[in-house]
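Paired with subunit B in one complex and with subunit C in the other, subunit A is shared by the two complexes that follow.
Moving on to the complex of A and B:
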């Protein structure tokens, strides 16, 4: 349209010029040749004007047709009839199908629609194995799977299956936790089976999920029994746990009893099939956790346990292991500060009769920056080597360790961690090692 | 003749442009009218709803959806997520993003054996679930039908 307007304007200018032309020519008495040329040009211009006029008419006709069509469409739309009976029936059937699908999906509560498997895994590379310091190089640690099948109503189940490398470098499979539970209320849940003994914070916060922990590993004395820990990390028995909520926090409690453990081959075994002497481990934990206000994220508590633990020596030792502990945790979006302390007051009942006192503690501080989490930890265990409970354990020696490291989350499921640590062994063997460790940890 | 051409040209421009403008204006009006009536205009509304038997305070909802509160009196609570409204719910009620919500449930599930809330696709499924599941709590983008307990509207 704009092109034709430009053409029209050009033609008008030309006509104007040409119209003025003869006057100028007559005034100057121009020659007849010039007049002839001008006449030819005038004829051409007139033809062009006629063509342009035809084009304008054509465009006007088209525009009128479009307007008419649009008007017709509006009229048709305005007078649209309801759908034919067949169409209505089809729509009704579709609506009914959608409603049925929604009902079916809503009714499907996942009870029998499969069981999700989640877990954790980690691979370590360093100048030492972080869990068995006498081994060096690359190492697999855990492939830890956990299942929480829905049993309906107030029933609960939790299974944690761990494929792990033992202290001999062999792969083994362990059912780390196998718990069946019933919830009476928020204040009381009873579990029976094999569970992580509720003491301190670390043992029931991270379990075998290395990814969950900001640091590369636990304090050595709080490792699991086959990785250097000196406490009975697993119990087979019954566990009552719950909490009471208040305005700004909640009181949390645990009480448990189970099979007394046994030291076999230098490692604490939780006697999943029962023990020979029928004696128990029992204990509890009491804590308070702030969930609101300026102390939100802070929790502290105390715990105690008593277990009759024998070993595989001839003649065997039997020790009444009496442990008291305390912990404090400050866990927020930015801070992770964890501290635990344990005091042992063991009584050797068969051999080395007498009371033996030992202690172990650690403190770790971490700060969650946007891109990484630096942390530092100090840990110390002063363990009486005349106490048969520690003397019979492969890793029952005293030590102190200073460690620093950081965690970097590569995405929401993959984290890489680095740690440098200096460890001094102070009694059973005397010496020190420096460790440079790295770890790739995932959850899925 | 030139004058005629000039007038015709302006007229043709008017004929071509005016209906277009008028149609655009009508479309705009229609859109605004539809938008005013459509639920999309209230997309910011979030209704926290529970099954009829459940009595809860809005302040409890965060704990319910983090597994920290499992019971309302003797009734076992069954939280259910609505994938269509979840970003809104996480921002307004849980005050966390989806990543943090998932991580919180990973820890909760691993530590305490609780299962994360099941996820439904839209309001219709949530309503059906709430109607048929005692103790169920969810959230909707539209007002709940009668027979459900409205815990709060955000």
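Moving on to the complex of A and C:
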């Protein structure tokens, strides 16, 4: 009896839901707002059913004796009513329709049309600009928009638009990455366009997402070209990348070639429209990453590149920039240790003043506590000032820096970082600066 | 001198306003996402084809009849997922203390780089080997759909999976009963 009454109430309510929204259920192009309304109605109706069921139970308790007597009388009379087949069929049909509505809603929620825009942004306050040390006070760094339009299962596209303050303090827009690719398999993806040159670890691990990095900034010599980096962080050309996964780790490789860069106005330019002399940058990287076992979290690798880089001087310099590098990373739930080293063996081709050797390295160690991540970093660059490649760069001087700081995540999208650093400049200009920096970095 | 000081004060004010705006935008966005998950979500209407860390096929509908604690994670995450796992462990301890049983399902965010073997190693290295915990992977499409249906943030920045920390509790009927955010008191008895 009670089950029957509950079912009747439930069936009435469910029919009411269906009566309220048959158009929504059948329309293929129902708007998401309509779907939400339908969901809310469904939720309200379920609550109503539960409330009515409770009320039914209450009424049944009051009439239990009467019901029992009536049932007994019916049994005695031998006239027990059989279950109404039409009612049962109708209830079953209603349940099926409800299930279909839920499935249709789920499918609509799974609709993946449209292009999502994500990105990063950061604001810095300190006694110096962390990316242009000769500026002081508060500074915007970048607003980075990241787009990955879907082109199908195998075709890939990636664009990174960066609104950033340049070394003159002016705001500008830069297409930092514009890559079109095809994924043959996990073992091989080829990209063409403008990408981050695959050397070391930092340049392709953190890209322009400042929020990603536990530290407030990259080592100075590894910053992007317009922030003081002395390596060609971007390449316009083609890039083959992939890996082979084993039981306890994976081998990772990269090979690339593109336009040789040019130093213009003291900064390395990646020649997005091509260069004048038609010469190339090419290189590769090979690494291994442990994903299980005693060495889980450890990875190391080597890389090399060769680029013919000219400048805007008269007469022009052309340098064969030859760089070898190595990196080691230990990244776990508790430790983040990153170290990279680079050795330059540059040849100034036009001015004929021979081979120049330089080197740069850094080591950073961080420890992930539950609520913040303290870190310390040491970095050093010994750059030959008779090498036209470094001499023509605004930030091509030698230095060493000791830094310590910490990161605190305010939520999963907002982090605040602090860093104190002492930097000694050792050749082009001799002196030191002390920096007290803070940063608010977000992702969205 | 006075002009320079005014300029400096103006810059500080400007920076403070910018920082406040960024923080407010991020906070509003996070709250809006959390509030967006309205009722009517059932385990039965989520994608069903998953593979656990032993390689066995797992259907979420098979878990109906018992409470299900569901979250998403990726094995190479060292910032958010360890805290989520710590929260789940506290929740499990609280349930054990109450003598309550629940099935724990952790859906991998990154099927392109994770497989049952990845999660098997993860469970061993993180000491999460209880039999009622299921670490599952699915297809890229199913993973994305489940994330969308349950409003888990999911997007990739190159090899990084960008996500939040949320734990959903489904009741024995398979209906979404409650959501635990990153700052929830997991040990206070979620079920």
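Here is the rule we use: the second predicted complex is superposed on the first by the 331 of 444 C-alpha atoms of A that agree within 3 Å, B and C clash if a C-alpha of one lies under 4 Å from a C-alpha of the other, contacts with A are read in each partner's own complex, and residues count from 1 in each chain.
Keep this in mind: contacts are C-beta pairs under 8 Å (C-beta built on N, C-alpha and C of every residue); 3 or more make two chains touch, one makes a residue touch a chain.
These figures come from a predicted structure and were not determined experimentally.
Once chain A of one complex is fitted onto chain A of the other, the partner contacts of A:336 are limited to subunit C, with no touch recorded for subunit B. Of the two partner chains placed by superposition, only subunit B is touched by A:154; subunit C is not. In the superposition on chain A, A:186 makes contact with both subunit B and subunit C.
Of the two partner chains placed by the overlay, subunit B and subunit C both lie in contact with A:204. In the superposition on chain A, contact of A:89 is made with neither subunit B nor subunit C.
Within the superposed three-chain model, A:369 lies out of touch with both subunit B and subunit C [touch as defined at top].
In the superposition on chain A, A:244 contacts neither subunit B nor subunit C. With both structures placed on the common chain, the touch criterion links A:118 to subunit B and to subunit C. Overlap of the subunit B and subunit C interfaces on subunit A: residues 99, 102-103, 105-106, 109-110, 118, 146, 148, 186, 204-205, 207, 209, 212, 291, 412, 443.
Here subunit A touches subunit C in the complex through residues 36, 39-40, 42-43, 46, 99, 102-103, 105-106, 109-110, 112, 116, 118, 121, 123, 125, 137-140, 146, 148, 186, 204-205, 207, 209, 212, 247, 291-293, 296, 331-333, 336, 368, 370, 409-414, 440, 442-444, going by the rule given at the top. Of all residues in subunit B, those touching subunit A in their complex are 1-2, 5-6, 8-9, 11-13, 15-16, 19, 23, 63, 68-71, 74, 76, 78, 99, 102-103, 106-107, 109-115, 118, 120-122, 124-129, 131-133.
Touching subunit A in their complex are the following residues of subunit C: 8, 11-12, 14-15, 18-19, 22-23, 25-27, 29-30, 38-40, 42, 44-46, 75-76, 78-80, 82-83, 112, 117-118, 121, 125, 144-145, 148-149, 153, 155-160, 162-165, 182.
Every residue of subunit A that touches subunit B in the complex is listed here, in rising order: 1, 4-5, 8, 11-12, 15-16, 49, 52-53, 56, 59-60, 63-64, 66-67, 70, 98-99, 102-103, 105-107, 109-110, 118, 146, 148, 150, 153-154, 156-158, 160, 179, 181, 183, 185-186, 191, 204-205, 207, 209, 212, 245, 291, 412, 443.
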